[in-house]
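So the structure is just underneath, and the comments pick up after that.
Order of writing sets the chain letters: A, B, C and D. Residues in each chain are counted from 1.
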């Protein structure tokens, strides 16, 4: 079969022939319908410092996808060939303290398919049965291909109360944009968004943000405080990893509010803990991955019911072999998701 | 001034002259713009057994209303004359165990304006300042007049997780109908409703219910189990007080689900606790009043942001003096809310 | 090997030879050190109506036990031969709605070892690796043998806030007694207990109850209301399944309190939902099994740290072959736990 | 009457004559039995930068105390002269967003008695009736005098689950020491404490800490990880405000754990948000004051039931006029609480 792989240290990826994975008794082999490119994939392509420490070539990339079950191991009961599926690509151990407490998303022994083991930028991908997520046929294929980042957004939004609450999304990359749509669907009252990129600000509006601010041109904190009668927002959803945005987010957060941090800063962040956290009685949450599998239940229920409109996110679709153009476009700051098709693009 | 009062034991109400209330240093006098009739008012009109035990005539009825501040006591700082307001009519003591725990809605020493003391079916009503709820001018007057029952609905819906969850509303009176709209606004995935009255079923559809069942003609439990793949609903919102509906609701509730009970049965209910609660690991919540004042925050934020459409609920509007026609219509099973105007109906 | 089995319909059990279980790749074979008799085992011995509908002979009973790993399947990594273990005997499917939401204790496809499949009243027992619970060697063997019911108690006590809260335990069988000790260890302020059996009342005192009432001789509700200044208790832990106790428990529960129901009534219970649940704003929780595996984490951490003293519970210890005397004694109302030793009683 | 006051800018305090406070209709006048010195009082004595910005002399200090009601305003119903009381000295507005949400401890318009208005280092102190906390006569006077800092400790410990959980207390000043006792009373399994001061380490042991580490001599993080099997602690209770302790605390916190921050750093703290918060899925809570009044309910219930032993904390007791020796001793690093008696020291 064909796959998009990191074959050796250094910049770039290769579209290669690879062996069809052999599955064990508790595994599922999935024929990939559509996959999507994550920012992490760009880092691995570019071979940044993080990639150099983590990635052990050769490995097939890809952890956002959907497909159809091709074959199942002998102990697999929950799905059968022909089922339409996606998968949680974080594989947990099942027996550490966190797994036992229902916090498998922060398992002590996690490995990630498409990062630590072969992933879904391939015609076929092997997944442990426990990680397979069966999809209702009413969920569109292009939505099904991006459940991994949508799960990040849902995990962030629903990590605290949102109905009848004001929300600030700092950073309108794909996950920030999805968080806007999810917060809107889940009853957030006023949704603020900050973003310096003009194309992304326009998309934030389309996704349902009520007030979109360009912090390079306007004092975002002053604006948000003014629009909330001086109180600040009930919830900060930090999606940028940008130090300035983090500081602005905390400054705009009301006393007693929650700050849910998903964006990844590239260095340590100096926080005024007294003013921004302690005297404020704030709650700061680190958000990692998706809750296994509460987030998947919530997310697919919302999609099946048609409560979340993600159409503005989708743009180009290309055959997997044409990956170079997609990676180039995303590296250049393209705001939406680009879908890759390893098995041809006919519906 | 004029007021609608219970003057003595027995059926009926009187449209009477009454003294303008004298206010103390911590009170607010409000000129009523619009008021709404609650089922409780019908019980008092009809002088049922509960009314005979609770009501001490003479008393002015009315606990659903909005108005404009006319005068404030000398210690009142939070509102001023001219402010557009509604009020929580449950007056709590502030120092019992429940008040100290932030559960003022079940205060041990509650009294209710419009039931235990003079209420809002009058040109002017006296309210303790702590109970006044200042309204944003963007909230329409007719919505503002029904915040009391809308608060019941919001309290019920948001008493547990609802985003990405299936919900069953049993009983589509005004509060059930509002609960449908609120659940929809807050991300419920599939909303089921059961109701025997045809007019109310039609309104349930308009409010956003996905599946509306007439349990007199169809096996409601079988239908709901079928539509949820045999699992049952995540949440039961019981709004009817009807024993059959309660039993059906529990039968349709999934293991691990929550049942939030607001409807008032008129007698003891025999429950199969083992099957419906214990082995199911279910959570059953008694819902009373509105959380003071978290529910008010949520509710008015949702309204201000335009997230909840209640238009189908509203029908007739009459001057307070024409109350008899309104009470007659509601006693006959009219499905929506009827508004009363003590100070004239000009906007 | 030898095992205690239900061989056919009707009263009684047999101490029989049985084949050593064959284990699959994800199974663990455990040599049983000590086991304990549950009320359910008494029902199966007596062949009551529930047993007749559920039990399919032949089957080996026993679901409370500890032992030492004898052999592991080829895919098992979390334990090794020689490890001291107990196990959660409720086996869940892993893929139903509840399992995916982290509510495996109410899995739609549960089966129970010692009820639906062969259990631990045997020299050796086969357990799925995911259900094995590795024990710290500092936990005494007799405590390790009763983790299943202790888990029921911990699940009930910690199903809501307990630190600085008053608690009422209705029914002081083994689980009620353990709940008293757990509530005490977890900061409950005043612990009330009701129980008609004199021996059990004495044990309730030893376990840490502050006020123990015999409801056959004293008005338990009046007493509890008096001792709580008229407020009632913050939490009801219902352990009896007795209708009178349930009614008394609800009457003694404060407005806004929680009622956690574990005891199994034998018939439908007529509840005054308005007075006891709805107007009270109470939360009623069905408690089933143990949370998988949060309860196990909490319980074994408490035991390892020596925070819970269960010594008063333990009485007789007999070889498995001497089961008849143990079953007779427990059927006669013996208050403590009796341990069975399938592999001899030498430490 | 006599009072301990800040009369003007600059170092020091004065023991002065002052007018007896006049009370309004909703106020209570309390005769102070015993008061206690907070670290904040030391800062005001020393006239540090924070004091210079906040304190407006003349003002009577003192916000930790107990006493007996001397006189009540005409609208006060909840207490009467002769009642034994303490008080929450943070006075909230009652109508801001936070007050309406039940988060009065982070009210937008807080003022603090003993800081912004006259406090309890005086023979008599005026308190708004809503802030008075009536005490059971079984609570000892010296315990009653330190409910303010004990409330900080209870608020911190009970801000998340603690029963059956491991806890790390960084910093064993008075509040850290109290947190150890409270965590112990509420079922914490293993309690770790770090502290450089030898006297305080000895007290930590007496209060119930299981493992006490001197981070100046031992690698505290390595030790805690070793003792928790590499997992880290479930909860960090940060009581020091020390940057090194904060970093160690986060390093010792398990993935998915909670960090509750009460200690006040004197400058911004550089945090590795990715490693310590985001990838860890940690929850960081700013802890300010005491929950009004849930913390007071929990704290006084624990004390009344005798669940928390604070005796090791108490040392010297002096007449208010002898304040200089007490302030000198505490500035020198004395580990316990010193009580002041404005009305004489006879019991």
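A few notes on this one:
Convention: a contact is a pair of C-beta atoms (placed from the backbone, for glycine too) under 8 Å apart; a residue touches a chain by one contact, two chains touch by 3 or more.
Worth saying up front: this structure is predicted, and the values here are computed from it rather than measured.
The chains that touch chain A as well as chain B are C, D.
More inter-chain C-beta contacts link the pair C-D than the other of A-C and C-D. Centres computed as Cα averages put chain C at a distance of 40 Å from chain D.
Multi-chain contact residues of chain A (touching two or more other chains): 97, 101, 297.
The touch graph of these protein chains is complete, with an edge between every pair of chains.
Chain contact summary for the complex, chain C toward chain A: residues 25-26, 75, 77-78, 93-95, 97, 100-102, 130, 293-294, 296-297. By the touch criterion given at the top, residues 96-98, 101, 103, 105-106, 108, 230-231, 246, 254-256, 261-262, 264-265, 268-274, 277-289 of chain C touch chain B in their complex. The touching residues of chain C, counted against chain D in their complex, run 154, 158, 162-166, 185-190, 210, 297-299, 301-302, 304-305, 307.
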